[in-house]
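Labels run A, B, C, D, E and F following the written order; every chain starts at residue 1.
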Amino acid sequence: MRLDDRENREELRETVIETDYLKHPEGSVFIRVGDTKVICTASIEKRVPPFLRGQGKGWITAEYAMLPRATGERNIRESSKGKVSGRTMEIQRLIGRALRSVIDLEAFGERTVWVDCDVIQADGGTRTASITGAFVATVMAFSRLAQDVALKSFPIVDYLAAVSVGIDDKGEALLDLCYEEDSAAAVDFNVVMTGSGQFVEVQGTGEEATFSRDQLDEMLGLAEEGIQNLIGIQKQVLDDAGTTLPVTREGKT
Amino acid sequence: MRLDDRENREELRETVIETDYLKHPEGSVFIRVGDTKVICTASIEKRVPPFLRGQGKGWITAEYAMLPRATGERNIRESSKGKVSGRTMEIQRLIGRALRSVIDLEAFGERTVWVDCDVIQADGGTRTASITGAFVATVMAFSRLAQDVALKSFPIVDYLAAVSVGIDDKGEALLDLCYEEDSAAAVDFNVVMTGSGQFVEVQGTGEEATFSRDQLDEMLGLAEEGIQNLIGIQKQVLDDAGTTLPVTREGKT
Amino acid sequence: MRLDDRENREELRETVIETDYLKHPEGSVFIRVGDTKVICTASIEKRVPPFLRGQGKGWITAEYAMLPRATGERNIRESSKGKVSGRTMEIQRLIGRALRSVIDLEAFGERTVWVDCDVIQADGGTRTASITGAFVATVMAFSRLAQDVALKSFPIVDYLAAVSVGIDDKGEALLDLCYEEDSAAAVDFNVVMTGSGQFVEVQGTGEEATFSRDQLDEMLGLAEEGIQNLIGIQKQVLDDAGTTLPVTREGKT
Amino acid sequence: MRLDDRENREELRETVIETDYLKHPEGSVFIRVGDTKVICTASIEKRVPPFLRGQGKGWITAEYAMLPRATGERNIRESSKGKVSGRTMEIQRLIGRALRSVIDLEAFGERTVWVDCDVIQADGGTRTASITGAFVATVMAFSRLAQDVALKSFPIVDYLAAVSVGIDDKGEALLDLCYEEDSAAAVDFNVVMTGSGQFVEVQGTGEEATFSRDQLDEMLGLAEEGIQNLIGIQKQVLDDAGTTLPVTREGKT
Amino acid sequence: MRLDDRENREELRETVIETDYLKHPEGSVFIRVGDTKVICTASIEKRVPPFLRGQGKGWITAEYAMLPRATGERNIRESSKGKVSGRTMEIQRLIGRALRSVIDLEAFGERTVWVDCDVIQADGGTRTASITGAFVATVMAFSRLAQDVALKSFPIVDYLAAVSVGIDDKGEALLDLCYEEDSAAAVDFNVVMTGSGQFVEVQGTGEEATFSRDQLDEMLGLAEEGIQNLIGIQKQVLDDAGTTLPVTREGKT
Amino acid sequence: MRLDDRENREELRETVIETDYLKHPEGSVFIRVGDTKVICTASIEKRVPPFLRGQGKGWITAEYAMLPRATGERNIRESSKGKVSGRTMEIQRLIGRALRSVIDLEAFGERTVWVDCDVIQADGGTRTASITGAFVATVMAFSRLAQDVALKSFPIVDYLAAVSVGIDDKGEALLDLCYEEDSAAAVDFNVVMTGSGQFVEVQGTGEEATFSRDQLDEMLGLAEEGIQNLIGIQKQVLDDAGTTLPVTREGKT
C-alpha cells in the first residue's frame, strides 16, 4: 500500500487534463496529477531570438514557476528575490529540451513558442506534470496556428510525456511519487519519453544515497509503462478537443 | 449599452468567489469578476518582520502578480527580469494598506499574514478584484487561526471591498470597467471602502486627460453603491462557508 | 494653530521658486515649500524610446530621488541598494503622468523630456513640491527649445500644480501638511490640478484609518484653493523670467 | 578511430591529477583529462550555514566556473553579467550532490567544505573532470583536518568519480567525449559512480534527439568501466601523496 | 591665459564653502569651486559595521553621486541602472581613505560617520572638491558630537584638502583644472594632503599618454601650494562658524 | 633582511613568464612573481563597442578576478554576489588604461582586445603582476594577428611593466612587496612605466597614514629601477618565443 492509498507501486495517480483553460493564450491546459495542479500555456510570437534571425526556423522555450503558496510552507517569490533559483532554471531548461525533441523547428517559420508552466498546487512531480501538460498545450497552439497560416508540415512529430520514479526506504521502485513518498525516497528519477517508446531525458539522483544497476533497470521499466499510459490520456484529451496529432516519426536519433 | 453587453453604467459584472480553493494555505479563494480571475491566498507565519519584534503585535503584507499569459500579449516574468515593476509595487502596496485599514494588528500576536494575489486571467479591474478576494481569504485564515489559538479579539473589524470607476469618451461615468472599456476611458479610478460606508483609498488619474469636480462626485457615487453590492456577495460567501465575521467597528478615523 | 505656527488650516507654507538654478540643464528650478527643498531639472534629448520611434511625437518622463540626508535619519542610497523602492516608483510615475496631462506630445517632434526632481531637504509634501517645480522647469526648457527650433505649437496647454491635504487627529482637514503634521495625520491626500480648475490626480489613503464622504469633500475644497494660489506663484515666476505661457486649453477630457 | 585519435570507443583520454597545486587551500588539485584542465580546491571553514547550526553536523557545497577564455570563443564573466547562468547552477548543484553521496556529514563537526572547480581550459567533460578532481581535493582537505583535530571517523566512505558517455551520429556509444565529439553527438550522458560500483547520478539528455533502451544500456556499461579506471588513477594519486582513504562502505542506499 | 580666464597656471578657482547648509545632518556644507558645486554632509550613527563591533572604535565611510544633470549631457541614475559605476566606486573609496588618514577612529566610540558628497553641478575636480568640503562637514559633525557626549579626544588630528593638477597639450603643468582643461589634458593627477604638508594620496594617470619624472615633480609642487591655500580657506570658514580644530598631529606615518 | 628572505629593499622577487600557456586564446601567459601566480590572456574579437563603430579604430579592455581560494581565506565569488567589488573595478580600469598608453588604437582596425587576468594564487602585487603579464600576452596576440592580416603598423609602441613600492614601519622604502610586507606597510604605491622610462600611472595611498615628499621620491626611484628589470625579463621571454617587439616610440605625451 502506498502512502497516498494507491494499491500498487506501478500505479499512476489520477491524471486529468482540461483544455482551453484560459481565454488569451493560443494553447492552454489545466493538468491535475493527484493533488498536483499546473496551468500550462503555449504562446506563439511572430519573431525569434537574435541568434536565429533570418534562418527561416522557429524556437521554443519554457518557463516554470510556483505560486508562493503552492506548497505547505510559503515560498518567497523569485521576482521579489530578484533572481531565479537554480532549481527553477534546471526545470525550465528540462521542459524546453524535452519539447524540442519532438518538434520540428523548421516547420513553423520564424516564430517563438513560449511555454509557461505555473504550479498552482504542488504534491510531487510538478516538473513531469508540467511536461505532460505543456505538450498538450503546445499541440493546441500549433493546431490553431495551422488553421491560420500554411505550415510546411505539422511541427510536432511525436507524443511526449514524463513521469517520476524512485526507490523507497525498503529499496523498492515506485512509480509517480507523491510529495510524501518523494520526501522519504532515497533515489529520485525523472524520465521523459516519446509515443514511439524512445527516451528523451533520464535524470536520476541519489542525494546522500546511491543505487544499483538492477534498481535503475527496474525504475526505467516502471517509467516506460507509466509514460505510455499518460500518452493514452493525452490522445483522448486531444481527440475530445477535436485536435488530431499526425505523428510523423517512428523514432529518430 | 456597455462594451461587454451590460445594460447600465451602474451594473457590476458577474462576481463569484469560491472558498478553500487550494489545500495548503490557511485561507484561499478563487474570485471571478467577469472574465478577470484571481487566486487569493492568505498565509499565516508565526513571526513578524524585525522592525516589529517584541511589540506583541502582528503584520499583514500583500504581493500581486500576473501569470505571463493572463493578458492578450504575453508579459515577461518579473522573476526573469530580476525586478518587480513599478505597477506591481503600486498594486501590492495598495492591497496591503487597504487590508490593514480593517485589521486590528494588536489582536493576533506576533504573526505575519502574507496575502498573495495571482491573476490567472485579466480583463480589467485586477487590483480591485484582488482586494475583494483577498479580504475573504484573510477572513478565512483568521477564522482558522481563531479555532487553533486564543486571540484577544477577532482581528477583522469591518468588511472591505474595492471597485473601479471611470469616465468614458462621452464624458459619462461607468462602474466596474472591463479591459476594453478601461482602454477607451479617459479617467480611471479605484475606490476601496468598508462595510460601514467609509472610504479607505481613492486613487484617480487622468492619464493625458483631466476631470471636473462633478465627474468626480458622480464616480464616487457609483463606487459607493457598487462596493456595497460586492460586500453583500462577500457576506453570502462567508456565510455559506460557515464563517461569521463579527463586525466590531462602526467606522474609525 | 498649526504645528509649524501657521494660523489657519487653509494656509499654504511659504513657497519660493528660483529659476535657472543650474547652468547645464535646458530648464532648472530650485523650489522651496516651507523647509522642503527640491531641485527640478528638465532635459531635452533628441530621440524617443523605441516604442515611439517613427511616430513624430515626443515623450516626457520623470525621476525622483532624495539625498541620503534629506531626512532626519539617513536613508541608504537606492544606487547602493541596487534597486528603486516602491515609494520612489510611485512618485516618479505620478510626476510623469501629471506633466503629460498638460503637454501636447505631438507638438515637439521626436524628443524626450527628462524631468529630474532631487529632494535636497524634506519636510513633507516632497512629491507635490516636485510637481509644482517640475512644471516650471519644463516650461522653461520648452521656451528655450521654441527659440531654437520651430515647434507646431507651444507644447504646454495649461498650468499645473499639486498640493497635499489631510485629516488631523481631531478629524479636521488641513492644507499643505509639513512633516510633523503628516506623521500625525490619519488620512493623506495628494491632489494635482490644472490652471483651468480640472483635476488630474486624486490620491488619498487612510493608512490604518478611513474617512467619510464629507471629509473627502472638505479636503478637495482646500486643495482646489491651494493649487490656484500655487499657480499664481508659478505665473509670477515665469513672468519674472520673461517666459509667457500661452494657455491654449480650457480643460479637456 | 575517434575524432581526437583515440583508437576505441571505450578508451578514456589521458587523465593526470596533480596534488597540492596551490599553497593556501586545505586541499587542491590540478586535473587534466585530455585537453580539459580544472583547478579543484577544497576549503574548510569552521562554521555551517544557518539552517544547520547547533546540529553538530557539517556541510559541503560546490561552485564551478570557467575562465572567460577557457573555450574557443571568449565568454562574458558571470560576475560582469551579475548573475550565474542556468548551466553553471546545474553543474555546481550536481558536483555538490555527488560529493555528499560519499561523505558522512556527521563525521566532521560543524564545518563547511567549500569545493571550487575552476576550468582553466575546456575540451569537453568539464563537469565530470571537476567531480573526479574535486573528490581528490576533498580527501586531501579531510586528511589534513584529521591530522589537526579528532574526527568521529574519516568523513569519506567511498571513492567517487564521473565520466561522460554519448551516442555518435552513427548511433554508436562513446566513452569520455572530447569537445568535438560532444558537439557532434546526438545524446549526452553524465554518470557518477562510487568505488563500490553504485550509481550516484545518471543524467542523460537527447537535445533535439532521442535514444532507445538498448543504447542507454550500452552507454551505462561504458560508463561503469570508465569510472572504475578513473578511480584506479585516484587511488594511485592519493597513494603517492601518502593519503590512504579508508573505504568504510560497501554501498548504501 | 587659462581656458576659463585665469591668469596663471598656479591659480586656484574661486572657492567658497557655506556651512550648515541643510537642517537635518550633523554637519553639512555647500562647496563651490569655480562652477563645480557639491553638497557634503556628515551623518553620525550610533553603531558600527559588524566587523568592528565590540572593539570600542568608530568608522567613517563616504558615498559620492552626481545629479543626473550635473553635467552637459544627462547621465542615467545609478539607482535606475541598479549598480554603481566603477568611477563612482573609485571616488567614494578615495574620499573615505583620505578622511580616515586624519581621523582617530579610537576617539569617538562605536559610531559610524557617513559622509555624502552629492554633486549638484560639475565643472571638473568634483572628487577633490568633495574631499575639501567633506572635511569641513566632518569637523562640524564632530564638533556637535563633542558638545553632546564626552570624547576621549577630538577625533580629527590634522587639516585635509585635495586638488587636481595636470599637464596641458603644450606639456605644461596646470593647477585645479576646469572641465574644459581636464578634457584637453594628457595627464590628470589628484593629490590629497594634510595641513602639516604630508601626502595622503597621489593618483596620476596618463590615459593614452605618459609623463616624465620632471613633469611629475612640477605637478606635485603646484599641488602642494594649492592645497595649503585651500586649507587656509577651510580654517577661515571653520573660524567663522565658531569651530576651532585642535590640530594634534605634526604628521604621522 | 626582508620578511620573505630577500636581502635588499631594492630586490625584485623571482619573476617567471611562461608563454602560450593555454591553447584557445590568441595570446596567453602564466606569470609568477614570487608566490603570486596569474593567468593573463588576450583575446581578439572582430568588432568594437557601439561608441566606436565606424571609426576604423580598435579598443582594448581588461578584466581581473581572483579564484576564491587564491588567498589565505576563501573569498565569495563575485558572480555569486551578483556584483563586482570596488577593488576589482579599480584594478581592471587600471590595467586597461595602462595597456592603452602603449597601444596605437588606430593600428589594428575595428577589433576589441579583451585582456583577462585571473589570479590563481595571491601573495601581494597581483595588480602589478597582472599588468606585466598582460603586456606580454597582448604582444603575442598582436603578433599572431599581424601574421593573419595586414596591419597599418604594429599596434604596440613601447614596453610596459608595473611594480609596487611601499614604506615599511621603520619609514624605509621597499620594492615589490609580498603580502606579509604589504600588510605591515603604512604606504602602498603602484607604479606603471614604459620601456622608454616614462610614467603611465602613479597611485599611492597611505590608508590611515601619510608620507613625505622625500619618501615619495625614494619610492619612485626604486620603482623606476625595478620596472626596467621587469622589462628586461619581458624582452627575454618575447625573444625566446620568437616575437620581436618593434618599439616605435621614444616617449609621447
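What we mean here is this: contacts are C-beta pairs under 8 Å (C-beta built on N, C-alpha and C of every residue); 3 or more make two chains touch, one makes a residue touch a chain.
Everything numeric here is computed off the predicted structure, so don't read it as measured data.
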Touching both chain D and chain E (chains): F
Minimum number of chain-to-chain contact steps, chain C to chain E: 1
Rotation angle (°) superposing Cα atoms of chain E on chain F, nearest 5: 180
Chain pair with more C-beta contacts, A-B versus A-D: A-D
Between chain F and chain D, distance of the C-alpha-averaged centres to the nearest whole Å: 34
Averaged-CA centre spacing for the pair chain F and chain C, given as whole angstrom: 52
Averaged-CA centre spacing for the pair chain D and chain C, given as whole angstrom: 60
Of all residues in chain E, the ones touching two or more other chains: 82-83
Ordered ring members, chain A first, chain D second: A, D, F, E, C, B
Of chain D, residues touching chain A in the complex: 83, 86, 89-90, 92-93, 97, 100-101, 105, 167, 171, 186-187, 189, 194, 197-213, 215-216, 220, 224, 251-253
Of all residues in chain F, those that touch chain D in their complex: 22-25, 28, 35, 39, 41, 43, 45, 63, 65, 67-72, 74, 77-84, 88, 114, 116, 118, 120-121
